[in-house]
Structures are given as structure tokens and as C-alpha cells.
Amino acid sequence: MAHDHKHDDKKHGHHHYVLPNSLAFKVFGALIFLTIITVWTAHFDFGAFNFPLAMFIATIKALLVCMIFMNLKNDVKENSVIFFTSFLFLAIFIVLTGSDIFFRGDVYVKGPLVAGASKSKFKKPWVSTAELVAHGKELFGQQCTSCHGAEGLGNGPAAAALVPPPRNFAQNAGWKNGYKPSQIFKTLKEGIKGSSMASFATLPAEDRWALAHYVVSINPAHAKDTTSDLAAVGVDPSKDGMGGESSSPTIPVSVAMAKLAVADINVAVASSVAKNPDAPVGSGAAYYQSKCVGCHGVSGEGALVRNMGVSPKAYLKTGSLSGVPFDRFKSVVTKGLPGDVMPGYGNLSNAQLQDLYNYVKSAR
Amino acid sequence: MSDAHHGHVVEHPGSKPHVVAHHFNDADHEFDASKQGMWVFMVTEVLMLGGLFVAYAIFRGLYPEMFKAAHAYLSVKMGATNTVVLLTSSLTMAMAVSATQRGERNKALGLLAATVALAGVFLVVKYFEYSHKIHSGLLPGGLFGTEQNAELIKNFPKAPLFFSLYFMMTGIHGLHVVIGMGLILWIMKRTSAKEFGPHFYTPVELVGFYWHFVDLVWIYLFPLLYLVG
Amino acid sequence: MGFILKFLTNSAYAFNGHLPIQATEVAKSWDDLWWFLVWLSVFFFILCVGGMIYFALKYKGKPGVKPTYITGNVPIEIVWTAVPFVLLMAIFVWGWVVYVDMTRPPTDAYEIRVVGKQWLWQFQYDDGRTTVNELYVPVNKPVKLTMTSTDVLHSFFVPNFRVKSDVVPGMFTNVWFEATVPGKHQVFCTEYCGTSHSLMLAKVIALNPQDWEAWKAGKKIPDQPNADPVQDQQIAKDVKPATSVVSTR
Amino acid sequence: MGHSATGGHNYINHEKGLWSWLSTLDHKRIGLMYLFSVLTFFLMGGFFATLLRIEHLTGGQTIMDANTYNRVFTYHGAVMVFLVIIPAIPGALGNFVLPMMLGAKDVAFPRLNLASYYIFMAGAAIALSALLFRGADSGWTFYTPYSTSTNTTVILFVLGAFVAGFASILTGLNFIITVHKLRAEGLTWSRLPLFIWAVYATSIVQVLATPVLAITLLLLIFERVAQIGIFDPALGGDAVLFQHFFWFYSHPAVYIMILPAMGVISELIPVFSRKPIFGYKAIALSSFGIALVAFVVWGHHMFVSGQSEFANFLFSIITMLVAVPTGVKVFSWIGTMYKGAIRFNAPMLYAFGFLEMFTIGGLTGVFCATLAVDVHITDTYFVVAHFHYVMVGGAIMALLGGIHYWFPKMTGRMYSEASAKIAFWLVLVGFNLTFFPQFIVGSQGMPRRYWSYLPEFTRLNQMSTVGSWVLALGLVWTAVYLWRDMRKGKPAGDNPWEAQTLEWQSPSPPPHDNFIKVPVVTDWPYEYRS
């Protein structure tokens, strides 16, 4: 910061610099001329040179405005130093941020996070075959029964807690995206916004086709796919292939936009966990607190959940679970719910499972 | 509540006298301090708007093709007219300041009015641009109309980013234009109240600085957004 | 008084500022740098604060004490600018060398994909198998983790291996390690990620070769001990059974 | 000595009534208003800190659940950073002392100064109003994508910090112009007191860095409201870019906190050693050195955030440079005491406390700057202890030292030395007992912002909690006896410490226009000849 000493030197006295109109017009003319130049040069493609040229012209115009209109030329040098240091710090900001962002190498996630690249067993998975339907039935058993029920009638154990309720595959009414296999395939890939139908994008494409065919088989009245339907999901029926894997290079925007619906479960409302301090160590309480509290919340109210297609449901709180039999509870806890985020805890003995079951029932 | 006790007083025939604040030695001292204070304020404006230019630089570096494709959706014609409008308003502002310095009060009032009018024209053109963008769904990030611009999204999924930057940069610049108009109207009120003249014109010059700075920012915004090579 | 004495003795025990166990080769060279910095800091601390206390007491403002008029001494000032500069550059170089070892994975590392999501770790192996909150790795073989997140920022931190890297949505980051001590190593999430950030814990279970082959084949393997036996004794003594509810032993 | 605190005409009894204070343009009154607001927020932030420490008495849930804990540590961080430690020394002490040290009648723009205070209080009101709604649980760093996806009212906190930032800019602007244009006759740059140098360097950092915070928080608000997607990976942005924007301000912000503190210490040590400062030019230049390097090191907060290796290299090597000017200052302060006649008044005790804690803080800073070491200790309690040693051990100790040093000048009364000594030792012992164990538990791997911790960390956390009670006791006791002595303390003379800077040449408490006779500076402010 150059310093201007005491200002008793009346160098510029009372007659401060007054900008003559003639000079003002000359500068204005130059500015207009340079604007025309910059618009004109933008039409030619000089490749990498275009950007520096545009910036150079803009800088000349900016300097004209600063030096003449803002009178930096015959102002005390201190003000110019002050003003131009700001651009120095802006440059530091750009250069050092750039040193990170432009030197990371290719680390960005391209496609959606698909499960392990297992090889495809089916040539044309979009064409329904008995083997595909059987594979679909087996996957349905793991992935979908908790909401859609064993027979796909939308009466699964968790169905009561869900608004809107899960689809009943036996009826024709109420299908949001349509009930052709390709349409079911799209629903499986992106889920349904505003409902808790999760996106199963982490399942390979052929599994999703298998599920679609099984769901269609529940109510054979459904119409078949036409080539245009298949094209809508990026499938060319003439050639073999994975069945529409060429998804867009990043997480589809429509899925991303679904992500903002956040269930805010008010902790105060949830009944407090039966805090019996003298519960023996290793009982249901201790196991619950260590393994389950992460998703299901300290007092079973379901932690602050995010609805990015995968939302740990606060099953513990739903009325319909009061009647759930012990073996259904045991199967969910030991095998988990693949596709959903509920992992299986295989290494639990029957006694521990009983403890946990009692503890969870007491928690409500 | 200005401390009106024993400060210096500066007059000019036909205008109100100006009382120099008590902690300054004389009018020049106050003028130099105020001017330098304005320059330091300019530094903060450069760095605040600079943040947006940094985001622009980073994302243009990451996705040059997307920027080239997305910028085609902006109308160079409207951008160019706005540039000319702002440059003219910068001219009228500079002449208004020198008119005040020469004591030509009515000429200054006229020029200030012209500057405000031109700023109004700038905002009107901006209004048409925005309504066209909103109508065709070219909105920032989450609000981007994917159906209307399906093919742009298909080959440039990150195109909404360009429009996020476009709306943020031109939006905040537009806000500064509105603030500038308010300041100039305030100066016009005080000019008509005969407060300014060769003896005291600091506020006019400082508002002039602010307005030239707003024009300066647009001089960079225009090529960066509209003329992506 | 009994309480204070008991408190101080326990604190003294807790003061054995032991670092986490050295479960990789890199951890050993890391610890050398760590203890060098510790003792260097102790030296400078004693130099500065000791000097301050010595001057304060020696030149106490008793009546008749005349302060001498000194405004500076250029040679000393040059020394205490140059010496720290050289020391710091040396520390930087040593830090950089160890950093390169820590963060550049060997090419033959066994790759495992890690997905961090709100409040659990999901590990995907090359045969498509996924486990949650339990990462099985072979001992004495370099393992590279390629990590990303599906929602917010997380950070994968294994104190025993001295490795840590944020897990950023939309980007792959990686860490690598070569476990030398079999058993369970604690994993923490160290980038704030919401309600159960402090419960987003996992275990790296380093298996010796035959257990590793058995696990790969899907057979049941015996329950592995905690890699740091000292910790178990300290906890057993420190903490009454029921007080700390959250224990993932 | 005619003007004792009771009689005589001074800035306190110049005008009567609340409105005369709320609408004052006098930099001394604005300084006092800043001081009282900052100390109230400091007690509020301290209250949140004690809640956090009580929660850490046991591993699991002690007094609050995870959601509440996340909110409380966010409030503690945000209140302490934005509402206490950034405005404290420049806003409170700087406003009061700087114009007088320059021999000026007031700051360059008094109305702007009052506006800055009201903008600060408006920002504080907006931020704290979030407590009435769902609060904020994103941490004071507001990292995306969590801060843009949590449904707590983060917007209010961000808006509050955005507004309070402008107060900091305006104060910086005011001080720069005051130092440039309003120096007394004969007060050349080489005769400026070191407190002025430090606050001047701080003002430059405030003016250059805070606007970037403004644009960052504005983008964050638009991210939440209009999903512009710049910082949100799901919409194409980059989460780490937010960290660059945030730390480009927040690292210079930590120098806004520590530089004025260094200025205060550079004033205290020569006065209480009755000896000229050692290496005046070096200390003045090092303030500038630190202020400049402050802008090129922010990446050391992001060594493990997925930053490129090249950036890590650059930021680590440049961060090492910061330790050099800091070391020069510490060594010069200790050099000043050599062959002096040390007086053990409260300000000097706080200077000793500052040197002890700031040395530990600075040395552990080298740990964090070393790339390899930082990988293990970043985001653990080691870093929490480091920045508390530098912020509380540095800025708060200097603030307390400054308050005691200028207490006679502000109030015309003397604080009681006995009470001050008790408070000092409570604060010193309490602080070290609270934060030194955190270095150890951090090196053992306990991450920060953890609501529940593993059993092996129990003992050290319990020690830290007990320490926090002692520290709280010391600070509350300081507030009590200063409040008492402000009204009942013995009248202090115009220059109880026999200091040579200009503010001591005017009566205590000073008249409205600071000086009865406008001072003329003839020589150096540290001419302590025996």
C-alpha cells in the first residue's frame, strides 16, 4: 500500500480534474467500436484463440472506462494500487482452485452405480421366456414381497405404512408408467417420484427384465411391447444386447430431482425406547443400539431418512407390524431385503433373535 | 444526525453550503477520504462478483463443449443492444459528473435522467430475455425443462449448469443495475435541492464510480456468456 | 480427596498417548515422522515458553531494576527466520515422501469397490458379492478401495492403517493399504454426514490366507479377534459394563 | 489529572439516555456496544460448548440425542466464529482504540461505522432466529451436499452469516481509510504502534476475503431454493468446489481472528517489560507477510477431500511458509522481555497465557500442514484441539488481555488485580485440561463431530469435560468482576500503565473528541528509556 503523506500539499487544490465532454465522446466512440469488433470476431472460429482475444478486447474496454471515466489516470496512485490488487487475488483464487480441479485426472462417476458386472446369460432379455419368468419370480421373492406381497397383490407387510400404497399387479387400474414390460423396466430403473417405489438401478438390466416379465405373468391380459416401446428404453430388438444398458452418462436428472422429498420424522413424537438400564448385556437392546440404530433411529422412529430411492422405512412404528409373526421377523433380519438397504445379519443365534424381537416389540 | 458542530463550511453561489465533517481538516481531505473509501468498496464488489467468474471459469474448463452448445440458446442481438445501452449510460453518467463539477445543474439533471432511462431500457431488454428463457424451460439446474430441451439434455446432461451460471451472473448484475438506478435517483433529488456544485460534488462522483463499475462488469459478462467462441 | 487422586492416577494411565497399532508398513514410517514432529515441538515449546518464564522471573520489575534500551538485533532475527524456514522445508519434504507412499496404490493391488451411503458402508468384491459394514481383506496383500457415495460426503478412516480419504458423491476417490496384523480393525466415518454420523462404523477384517480362501469360497469362518488386544484390556478396566451402550466389539 | 471517572466531561456523560447510545456516531461508544454484544454472544457460545462437553461425559447418549447434538455443535461453531471471534478485537477494541492511537477525532466514516454495528446485530438476529424453527445441523462449515439436502433451516443461519459478513467488510474499509487519511501530525508509517499495523493488515484481509464468503453463502441459498446445482453432484456440480469457495474466505478469516490478537500482544509486552519492542520492523512486516500468505494456503483444509495431488503439494509447501512470520513474532515478543523490568499485571498474565497456548497451537499447526501427518489427524479431535489452542489460546486470551489493558481508559476505573489473577489461573488450567487430552484422543483416531464415541476414548473425554467446567468457571468469574469493577472500581489515572501510545495522553475516560489538545507525535511509541 503506497502511502501518500500528509495532504497539506495543495497540489490539486480546489480545481479537481474535470472530464472534458470531447474526451468523453472519443472514449465512448472507442468503446462502441471495440464492442462491434468483439461481436464480429466471435463469428470466426480461431479455435483456442477466440477466448483470449475476447478477453483482451474486454480488458481494453474496461481499462478505458477505469482510466478515463473513473479518472484513475490522474488520480493519486494509491487508488489504482488498491483497485488492481483485487484482480490479483481473484487470479490467485482461480489458479489455485484450478490446480485442484483440472489436475484430478478421470475420477468422475460416469454411469449409474451398477452392481458387479456379471456376464449376461440372456441374448434378448426383453423377450419373455419361461426361464426369464422363473428367474424373475426368484428375484421377486427377494426384492419385492416386503411391499407388493408374495403374490404381488400390493399387500406386503410394509404396505400399510406406505402412501400411496404399493401397486396391485393383478388389476389393470392405477399403473403410473403403464404395464407393458418395457414400461415396468423403466419404473424399476428410475422408481416413481413422490412414492416410496425405490429405483433398482443397482440391479443389472437383465434382472430388471426378468422381474418385468414375472410381473406381467401375474396378469396375462397385459399388452405386449411394440418395437417403439422397446426403443423408448433404448433397446434395438433386431440386435442382441444387455437390454437397454446404454443409460445416460450420468445419474438421470429425473431421478436426481426425485431426491428432495425428505421425510422429517419428529423425534419428540416417537415414543421413547423402553429404557430399562438393567437389561443384561448382549440382550436385544444392546444389539439393537449397536447394529440397527443407524437406520431405524435411537428409539425406532427411523433416523432422518433421505428418499434417494432407498429409504430405511421406520417399520418398527407401523401398526400392521404388531401382528408380524416371529419367523417372518427372523427371515427379514437374517436374510435382509436385498435391493433395499436392509442387510442380513446371519450370525445371530435364535436366542439373540428372540431377545431382539421382544425388544423391538417393547420399543413401540 | 450529522455532527454539525464546528466543522469547516464550503460554499458556492446558488447552492447550499456543505459542512465538512468535524474529524476532517478540510473539504479536500474529506473528498480524498471518501473517494478512496469508494475504491476500497469497489475492491469488495470485484471480489464478490469475481466469485461467480471463478465458478464460470471452473465449469467452462471442465465442460467446454457444453458451454459452446448451451450458449447458442442466448440471443447475441439482445446482449449486444444491452452492451450499447450500458456504454451510453456510462457516457451520460460521466458527462453528468463533469456538468456538476462545472456547476451546470440543469444539464447534470438531464444527463442523470438519461442514465436512469437507459438503465430502464437495459432492464426491459433483460426482462424479455428472461421471459423467453423461462418460457422455453432453460432454467437453472433442478428446474430445467428436460422435456422441452430433450436433445440438449441428451448429449449435454450438464447443460442446466450453464443456465444456472447465466441466471446467477446476469441476475446479480441486474440487481446491481437496480441499486444503481436507486442511487442515481437519490443524487437527482439532491441535485435539484441545489446541494451540489463545484464546491461539493463527492456523492455524484462516487455514484458515478458505482455506475461505471456496473458497466465494467457487463463489459466482461457480455463476451463470456454470449460470445463463447 | 479420594476422588481426585483416583482421577489423576486414571488420567496418568490414559495419558500413555499411544497411537493406534501399526497395522501396515506405511504406518511405521508414518510414526517415525510423527514422533520426530512431537519431539521437535517439545523442544521449541521448552525453548519459547521456558525462555518466557525464565525472563519473566529473572527480570522481575523489582524497584531499582533498570530495563536496558534494546530495539532489535538483526543477526538474531535473521537466524530465527532462516532456521525455522529450513526446518519447515525439511519437514515438508519428509511429509511429501511418506504421503506418496501412503496414497499411490501399487498396480497389482486387489481392488474392492466401496459405496458410502447414509450411515453404512457397502463393500462390493470383484465376484459381485456385497457385504455391509464388514470389509474382508487378505493379510499381507495390497488392497485398493475405490470409493464413492450415493448421497452426501463421507470419509473412510482406518486409524490402524493411517489411511483416510473423503468419499465424494459423483467422484471416485481411493485409499490403499497392505494389512500386516490379522483381526478386526475399526473403521470410522470422519466427514460429517448427519444424524448417525457417529454410528457409521465398520470393520476391516484382515484374514490370514486359509481363512481368506475359505471366506472367498463362501464357507463360514471363525469369529476374528480384535486386532488391538491392548484396547480390550483398557476398556474392560476403564468402562463399567452397562454404562457405554454403544459398543461394537 | 483533573478528569476523574466520576466528575469531568467525557464520552460517557457527553449525552444521556439510551437513544444517545443507539444513535451515536462516536467510535468509542460504538466500540463499547460491539464489546457488550460480542461478550454476550461469547457467553452464549460458551453455554453451547459446555452442553457439548457434558454430552461427552459418556460414550452413548448422556443428555441429548444425535439430532440435538448436531444442532448444538453447529450453533457453537457458527456463533463463536461469525458473532464472536471475527468482530471481537477489530470491532470492539479496534473501534475504541484505533482512532485514539492515530490521534484522530473519529474513524473516517462514522455513519458507516454505526451502520456496520447494526448490520452485525441484524445478521446475528437472523442467524439466531433459526433456533426458533428447526435450527441448523450442517456444521458452521455448511458443506454441501449435506447442507443443501438437510431439511433444517440452514437458510436462516446462512443468511445471518451473509449479513454479518458485510459488517466485517465495512469495519475493514473504515479502518483502512482512517489509517491512510487521519493520522496525527508527525505520525509517519514507521512510528505507527504495532496494534495499528496488525489491525490495518486485518482490515485488508477483511476487505479482500469476506466478499467471497458473501457470494459463497448466496450460491448456497440459491442451491437450496432454486437447485442451481453448482455444488450438487446429482445436478452436475462439484461438492469439493464448495469447499474451495468456503475456505478461500474461511482461512483468511482465521487470520482476521489472530492478527489483531498479535497486535494487542505487541502492545502489552513492551509496556509491561518497560522496554522497547524487539524488532519493530520485523513484527510490522510479518503482519503483512501473514496477511498475504493467508490467501494462498486454504487448500490445507482439504488434503483428504479428493483434492488433486498437485494441489496438495502446492498448498502444503506454501502453508509451511506461514509458520515463519508467526515464529518471528513469537521469538521477538520473548526477546522483548530480555533485560526488561517485568510487571505482573493482568494484561501481562494474559500475554503469558497467549504465548504458552499460541506456541502449542502454532507447533501443532505444523503437524496439520505436513501432508502425511494430516491424512491421519484431519477431521479428528487433534484438529479440534489445534484450532481451539490457536483461536481461544490466541484470540480470546489477547481479547481478555486487551480488555484488562484498556479497561481504565474505557471506564476510568481500575479492575481488581486479585480477582483478575484468580480468573487467569482458572482459565489457563481449565483450557489446557480441556484441550490437551483432545490432542491425544485425536491422534488415537477419535473423529470430530461425533455424538457417541467408542469406549476406549472414554477416559480422555471425561478429563476434557472436567477441564471445560474449570474454564467456564474462570470466564464467568471474569465477566462478574469486570461488570462489578466497571461501576465500583477505584478511579484509575489517565495513564496507569505509563504507556507511550497516543490514547494514554488523553484523560480516562476520554472526552467526546478524544483529545483536549490535538497531539503531535515527535518519536517512536516505544521510547522506554530508563
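Letters are used for the chains, namely A, B, C and D, taken in the order the chains are written, and counting of residues starts over at 1 for each.
Note that a contact is a pair of C-beta atoms (placed from the backbone, for glycine too) under 8 Å apart; a residue touches a chain by one contact, two chains touch by 3 or more.
Values in this document were obtained by computation on a predicted structure and should not be read as measured data.
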| item | value |
| --- | --- |
| Number of hops, subunit B to subunit C, where each hop joins two touching chains | 2 |
| By count of C-beta pairs in contact, the leading pair of chains | C-D |
| Separation of subunit A from subunit D, taking each centre as the mean of its C-alpha atoms, in whole Å | 39 |
| Geometric centre distance via CA averages, subunit C-subunit A, whole Å | 31 |
| Gap in Å, rounded to a whole number, between the CA centres of subunit D and subunit B | 35 |
| Centre-to-centre distance between subunit D and subunit C (centres being mean Cα positions), rounded to whole Å | 30 |
| Of all residues in subunit D, the ones touching two or more other chains | 60-61, 66-67, 149-150, 180-181, 208, 212, 227, 234-236, 238, 240-241, 306, 309 |
| Set of subunit C residues in contact with two or more other chains | 151, 170-171, 173, 194-196, 199, 245-248 |
| Residue numbers of subunit B (touch at least two other chains) | 29, 32, 36, 40, 43, 47, 50-51, 54, 58, 62, 142, 157-158, 160 |
| Contact pairs between chains, per stated definition | A-B, A-C, A-D, B-D, C-D |
| Partner subunit A, residues of subunit C touching it in the complex | 115, 117-120, 124-133, 148, 150-151, 170-173, 194-196, 199-200, 223, 241-242, 245-248 |
| Touching residues (chain side subunit C, partner subunit D) in the complex | 7, 10-11, 13-15, 17-20, 30, 33-34, 37, 41, 44-45, 48-49, 51-53, 55-56, 59-62, 65-73, 76-77, 80-81, 84-85, 88-89, 91-92, 94-99, 102-103, 151-153, 155, 157, 159, 162-166, 168-171, 173, 186, 188-199, 201, 231, 234-235, 238-239, 243-248 |
| Touch list for subunit D against partner subunit C, complex | 58-61, 66-67, 70, 137-139, 143, 145-146, 149-150, 233-234, 238-240, 273-282, 304-306, 309, 312-313, 316-317, 320-321, 323-324, 327-328, 330-332, 334-335, 337-344, 352, 355-356, 359-360, 363-364, 366-367, 369-373, 375-376, 378-380, 437, 439-440, 443-445, 447-456, 458-460, 463, 466, 526, 528-530 |
| Residue numbers on subunit A that touch subunit C, as the complex places them | 104, 107-109, 113, 115-118, 250, 277-278, 281, 285-286, 289-290, 293-295, 297, 303-304, 306, 308, 310, 341, 343, 347 |
| Contacting residues of subunit D [partner subunit A, same complex] | 60-61, 65-67, 134, 149-151, 180-181, 185, 188-189, 204, 208, 212, 227, 234-236, 238, 240-241, 244, 248, 295-296, 298-299, 302, 306-311, 314-315 |
